[in-house]
Each structure stands twice: as C-alpha cells, then as structure tokens.
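The structure appears below as structure tokens.
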Amino acid sequence: MQPPATPIRVTVWNEFRHEKTKEAARAVYPDGIHVALARHLSAQDGLAVRTATLDEPDHGLPDAVLEATDVIIWWGHVAHGEVRDDIVEKLHARILGGMGFIGLHSAHFSKIFRRLMGSSCDLKWRVADEREVLWVTKPGHPILQGISDHFVIAQEEMYGEHFDIPEPDELLLISSFAGGEVFRSGCTWTRGAGRIFYFRPGHETYPVYYQSEVLRIITNAVRWAAPVHAPLQTYGKRAPVGWFE
Amino acid sequence: MQPPATPIRVTVWNEFRHEKTKEAARAVYPDGIHVALARHLSAQDGLAVRTATLDEPDHGLPDAVLEATDVIIWWGHVAHGEVRDDIVEKLHARILGGMGFIGLHSAHFSKIFRRLMGSSCDLKWRVADEREVLWVTKPGHPILQGISDHFVIAQEEMYGEHFDIPEPDELLLISSFAGGEVFRSGCTWTRGAGRIFYFRPGHETYPVYYQSEVLRIITNAVRWAAPVHAPLQTYGKRAPVGWFE
Amino acid sequence: MQPPATPIRVTVWNEFRHEKTKEAARAVYPDGIHVALARHLSAQDGLAVRTATLDEPDHGLPDAVLEATDVIIWWGHVAHGEVRDDIVEKLHARILGGMGFIGLHSAHFSKIFRRLMGSSCDLKWRVADEREVLWVTKPGHPILQGISDHFVIAQEEMYGEHFDIPEPDELLLISSFAGGEVFRSGCTWTRGAGRIFYFRPGHETYPVYYQSEVLRIITNAVRWAAPVHAPLQTYGKRAPVGWFE
Amino acid sequence: MQPPATPIRVTVWNEFRHEKTKEAARAVYPDGIHVALARHLSAQDGLAVRTATLDEPDHGLPDAVLEATDVIIWWGHVAHGEVRDDIVEKLHARILGGMGFIGLHSAHFSKIFRRLMGSSCDLKWRVADEREVLWVTKPGHPILQGISDHFVIAQEEMYGEHFDIPEPDELLLISSFAGGEVFRSGCTWTRGAGRIFYFRPGHETYPVYYQSEVLRIITNAVRWAAPVHAPLQTYGKRAPVGWFE
C-alpha cells in the first residue's frame, strides 16, 4: 500500500463510567480506556487520533467530529441506553458511507453495533479471572499482521457461544476459555461502504489494552477499516446504461 | 427429509393498497397479491396457509397469528411507513427465534427487512416493461429445486446494483435487464435461528406471481425457511461447563 | 419437506484398517466404523444404506455403486495414499454433479477432501484422552436439528486450529479441548451442485460413533446433503438468450 | 497503510502463444499481454515487476523466481495442458504460504486456478464483439478504490453463469452482456495464507488491458494480494498450550 496523502483520522470513543466509579477499573485505566488506547495509537505512523466520551456534549461526536473521522473505535458497557438515538443514526449513516467501525468487548451490546448487525448480539458471560487463548483462523489477513498462531491473555472475562451475530464475512480469531467455552473473537463485516471489525478482548478490570498482541490487532484493524477513496454509489430511479442492441 | 409431523404454517402478508387503488394492479391481481400467492401455496402438500394485510387490526398479525406462523412472506411498497414499530419488533423477535422470512420485490425497503439487514437496502430502479433474465449461481440449493440454468420474465421493473445489503450467506440468482443492469435477485441470510430469503421478482402491474418458475422458487423457499426443531440458545451469566483439568 | 419419492441412498465408506490391526480400535468397533454407522442409519426413515471399504475391488466403489449413491460418508486415516487416483476423479465428478459428501474426522487428509478444498487441510493434533466440548454457532441449521447449545464428548483426540480449509460457507460447531485448543468442527461448503459437510469427531479408539448427538448430526447431514432434483447446468459455447433490444 | 519497507514483487505470467500465432492478438498486444501489463504496473509506486512466459525454461518460474514473487498474475488459454505439474505444485505451495494470485480471464481453466478452487471452473462463453457492463457489488473494497458504480467495456468475449466456482469470500463485480448473460467478474478467496483474486476481462483480441478501469483494478488487486508479514502457521503433533485448571 502507498502511504496515504493524509493520515487516517481515528476517534476512540469510550463510555468512560467504570473508570470513574469502580476502583478496580480506575486502578488499571486511571485516565480511561480511551486514553490508554489513544496513547498507543498516537505513537503509530500515519494515524491522527482523538478521543470522545459519553458525557461530553453530543457524546463528543458533533457533526464536525463525525465528518472528520475515518475510523471510530467503540467501548461501552453500562450506559448503552444513554447513547442518543439521533447520534446512533448519524453514526450509522457515516458507516454506510465508508467510515470504519471497530467494536471492542462489551460494545457487542451497543446500539450502533446491534443496528449494524440486525440480530440480538447476545452471548454467554462470566467474570472469573479466567485464562483465554486466542487462535488464528485466517492467517494472511491484514488485521493479523505480526500475530503468530495464537496468544494468551492471562485473565479475562469469559464470553461464550452462541454469539448471536450474522455469519461474519471473515472469521479471524476463535477463543477458548478455561471453563470450556469458545467464542468468535475477531470478526469482520461490511455494511454499505463501511468496514466493521469486532474484537472481543477488553474487560475494564484487566490490563488487556496494554498487551502487545491486542494493541497490534487494534492498530492493524484501524488501517484495514480506513475508507477507500471511490465515488459513492448512486441509487433511485435511473436511465438505462444503454439498451442492448 | 421426512414429512413434518404437522404442516408448515405460512402467513402471506401484503400491504394490499395498489390492488385497491391502481387499475393496472387490480387488473392483474383482482383479489390482491396475497390471495394469488396463497391460492398457489394452499395447493401444495404440507403447507397450511393464511393471509394478513396492512389495514386489518394489528396488520392481521396479532400475537396469536405470529406465534402460529412458521414462515412469513412479505410484500409491501407504498406504505412501509405505516407498519407499526411495535409489530416490527415482534416480527424481529419471532424471526430471531426461528420463524422464516421471505421478502418479495419492494419488501427490500420494508422496516422489518432493513432491521434484519442493518444496511440501507437501497438500489436503482426503472419501470419500462423490461425483459429480465434470472441465472442460477448456486445449483444444488434446495430453493432452486426444479429450476434449470435460467429463466426469463418477459416484462418486469428493473432493480439494479449496487443493492446495499450485507454479503449474502448464499447467492442463488443473478438477473440481467435489457437496459444493462444486473441484480442479486435471490439471496439468503440467517439472523438468530431465523432463515431469510429475499427474492426480487414481483412488480404489482405484471403477472409475475402466476409464472411457474417464480411460484416454484417461493414454494421451495417456504420449505427451506421452515424452522428447525431444536432447543433455543441460552444467553447471559453462566457457570462453566466444567473447568478443564 | 415432503417425503422423497425414493429413499436417500447412502454409502458409508471406511478405510477399515485400524479395526483389523489395532486392538484398541477393534474393541470399540469390532465390525468396523462403517458397520457401526450403517446400523444406525439403516434404522432411520427414508435411508437406504450400504457400505464400502478400501480393500474391496475398486474400493467397493465401482461405477454402478457411485451412480446409485446420493450421499457418501468417508472415514480414512492411515491409507489415504492407497486410494486410487482414478476413483478419486470419479468421486470428484459425482460430487460436482450433486452427490453429497460427508467427511468424518481424519478424512480431512483424504485425497478427495483435499481435492475439493484446494488447500492443505492440515491441522494440529494430540491423543491424550481429552475432553471436547462442541458449541453450536448456527442455531436453526437443519444439520443441528435436535441439538442443544452444546454437547460434551468425554474422551477424544484433539484437533486444533489453524485448520487450513477455505472459509466455510457455514460454520455450525466450534470445539474446545482441555489443552486449550479450539477447532471448527462442523463446516459446510458446496462444489458444483454437491453439498459437503465436514464433521470432526471420531477417533477410532473412542466410542464416539455410539454417542447420540454425534449420530443425530450425521443423520441430519445425510438429509441435508442429499441432491436436489434439477436439470444439470450447461457449459461451453452458447447462443445468446436473445439480444436485448 | 504504511509504505512497505521493500516494494511488492510482482511476476506477470503469460502463456504468450496467441500473440505469436494469431494476427488479431498481435495487432492489439504486439509484445504480448504480459508486457502490456508489466509496463503499466512498473509505472506504479512501490511495485517491482518482472514477466515470465510458458516457453521459457521452467515456464520462467524457477524456484528463485517463485521465492522472489509476492504476487503472481496469470493469463493462459490454449496451452493450459502444457504447464508442468511439478511447477503447478510449487505454485500451489507458495500460494498457501502467502503469495498472492491474480487470475485473469481464461485463467479460469488453468491448472493452478482449478487446483485452488476444487471445482470444475467451467462457464458459458461466446465471441461476438459484445458490450459488457461491470457493476460494483462491494463498494468500499480496496480492490475497487477509484472505481465508480459501473464501467463499460465496448467489446468483449462473453462469459456466462453458471460459473462453477466455490462461493467467493467476497463478490466485487457482476457483469451483464448484450446477449442477456451475467457473470461474477470479480471474486476473492483465500487458500492457506494466500489471497486470490479472479478478474474476468481480457480477451486477447480486444484492447481491454489498456482500459483505465481494468488497469486500476489489477493494480489495486496487486496491493490487496501482497502477503502479510506474520509467522507461518504450525501443524502436526502438539503439546497443549497448558491444561486449563
């Protein structure tokens, strides 16, 4: 790939509630998950990173920010219901128009992810300091650049199948948990011109977002999800291309 | 397949407005598209067919009907906006729980189909008495049982790509139109335990729903979309299957 | 589905070597894996079952048998290399023409499966009396009829990712193993008009093919893979359907 | 994407027979299709391009060339049978290991493409100076960067469905032809770590490989198919990651 003429503009969105109210979360992410991720991404070549959080005006996502975002990363958990529907609609339209979307961990239940998927996005879960092993199922995929055949997260929340999602376009990673469950932990889809990646790891009380493989995958995913420069599709009543004769 | 213990219960839903207000539609479907389809399906083995229309109470879909429906067929066009949101939510929940859904023609823009897809479902269109040729791209699929390598519809409305849908699980049919356009005319997806089929043909002023190939495909699709008898998935907080030792 | 006019004709093919030479295998399958499976399948409605083994003339698969087979089940392990190439070619042609193929366990390395897949079909493995848990990832699929959200096999050989297969059309089951690995244990593809199902369980020294869930899935898969009655596709030089005008 | 540390190494392989023996082909591609393509690709940033042809020793593909190729482009038609099987095996192994493969036009029937697909790769065809319209079905895909919603090739050979390929991972383009046929003209798959793109246009007697949209798509595809730098997968007998406890 050629270097883009301009950097990829990334917005890291975080609900940012646990880190203010729950000691175990603050201990791990004192400035919030968004800041931890933004620090890492800002140090990568060709990325221009900002953050946004739920309690800012317009959740930190006024039109000017949405228009200036190429890829949005989303983390939410206890306050999905507080995200304004009009902003979800704008997010949805931007994604169909080409903005990339990366949903992390409990973002599986966010309004925007469920809107994109069309299914319940429900799953099984358990918090038990459990070992997770993530296995590569699509070697050669750009999101897995630099990743070996598996990696281990020492302690994580369990998410288990059935994960009620549409069949992914591509299945990149499957996890096993010590309690016996499995999970499709890295999945891609497209909606309109927008590229979507769901990545499972990231419970708020574990230092998962400091682990090198996790950060590598998120960084790769940002580059993968960045929009392609092409004219938008046209719809509606159309003259023929030309009657075949 | 073994004969089901009980018949497949089919509900044919129609907006039923054009046939009341537009002479060209009434001429072709004097009792409505739903009645034309229901007549054909009722004559097939193992199907128990009812109809429902927009202007009936609860759009003809009270809870008792939804609960007693295995597969719903949907035709709508000018009044998508009049379909009540609470009924769309019930339809959506029933589909995730296993009810089959068959969307016909302009149902691409119905609330329920867009809710299932998560994309805009937009497309190009033109009404010009145009010849459509439908080509099989997945021979061996049960929905194509009895269908040759292609069939022709003498006059149809054109629908053209880009059709803004998620990548289908299976692509069964591609159409060409005299004006040069193409369209993915037979597509399947799953959402939850529900099986979904979109089938393009069916403009209200053409006798498409009397054509044998079209009726054969709809009948096959009803059998394909009928729910499988298996325990529903469980979600939420779960004890481990048993720690591995 | 309506009852077929004639039964589905199933051929259970087994290499049948371990059961003759390895005490641990003979103890579990004294008449061979093929006979154990055929006994179960023969007791199901609408199936006409025969067996075939490697050391019979033409591996038990002369043209007359291939022509009279709707679905073939395949088990092999130590003698993949002894299967004659001309018979592999005939199998391949029959599958493209619509015969269903169900590959069990170590059939992943059979000539015919690798020919259908186009990839190496390699994987990780270990024999350690290990617990396997199989999780449903596609509820509502006909092959999973009657199966709950998971089931356990008490002792099995481990197969682990990366399993080098093309992206499945449908992913039905994912396994976890006590040693931490995962595996895509139930996968479907199509090649030509033929429907293919790979199902992982079945090491020759464990009584896996007597377990009810395993037998249920194999039986469902036979019904799912049975060919659809439709004219075969035509290829080669063709006159136009008719120039569009 | 960041600029690669080293250029992408592209080998354009051509059978190179028509251009020597058929006046109509030589008139369009006097130095061969491979040279026409290589000239264009060599002018793009970050690509290092060589060519290879059938009648060179080892078809121009000795081990040293294969090892030094990141992406191979393949054009063949009348002499598929002359390609040596041992070289096909080496190509196959290299692709599973990560080399990208771009098959053009009649490469659908090449040994290597059929080996990768596992199906017959057959299709319908006709040479009649026919107009082809190619429609985008996956906006936002990197291979479609810079491409609008459709483009027209004034004169082409017709290829028609059913195209006997495995369900593509991604369907990027569908063509319509004046005679009424359609074709899946841009498709991707993966095999092992290798990324595969089939692109339909390119009959040897039409100046298709000078048309800007066609060249843009081939160039994009080279960048898309270039291998990802990650450790190769490991297979075979494995110790557990660690027993879960």
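Each chain carries a letter (A, B, C and D) given by its place in the written order, and its residues are counted from 1.
As a convention for this text, a residue touches a chain if its C-beta (ideal position, glycine included) is under 8 Å from a C-beta of that chain, and two chains touch if they have at least 3 such contacts.
Since we're looking at a predicted model, the values are computed, not measured.
Across the assembly, the mean Cα position most removed from that of subunit C is the one of A.
Because subunit A and subunit C share one sequence, their contact can be compared position by position; here over half of the interface residue numbers appear on both sides.
Annotation: 32 Å between the Cα-based centres of subunit A and subunit B. Mean C-alpha positions place subunit A and subunit C at a centre distance of 37 Å. Under the contact definition stated at the top, the residues of subunit C that touch 2 or more other chains are 131, 133, 136, 138-139, 149-150, 160, 162, 167, 169-170, 177-181, 190, 192, 233-234, 241-245.
Touching subunit B in their complex are the following residues of subunit A: 96, 115-120, 122-126, 128, 158, 160, 162, 164, 166-167, 169, 177-181, 189-192, 233-244. For subunit D in complex with subunit B, the residues that touch the partner chain are 131, 133, 135-139, 149-150, 160-163, 167, 170-171, 174-177, 180-182, 184, 243-245.
Put simply, subunit A touches subunit D in their complex at residues 1-4, 45-46, 98, 131, 133, 136, 138-142, 144-150, 152, 169-170, 178-180, 190, 192-195, 223, 227-234, 241-242, 244-245.
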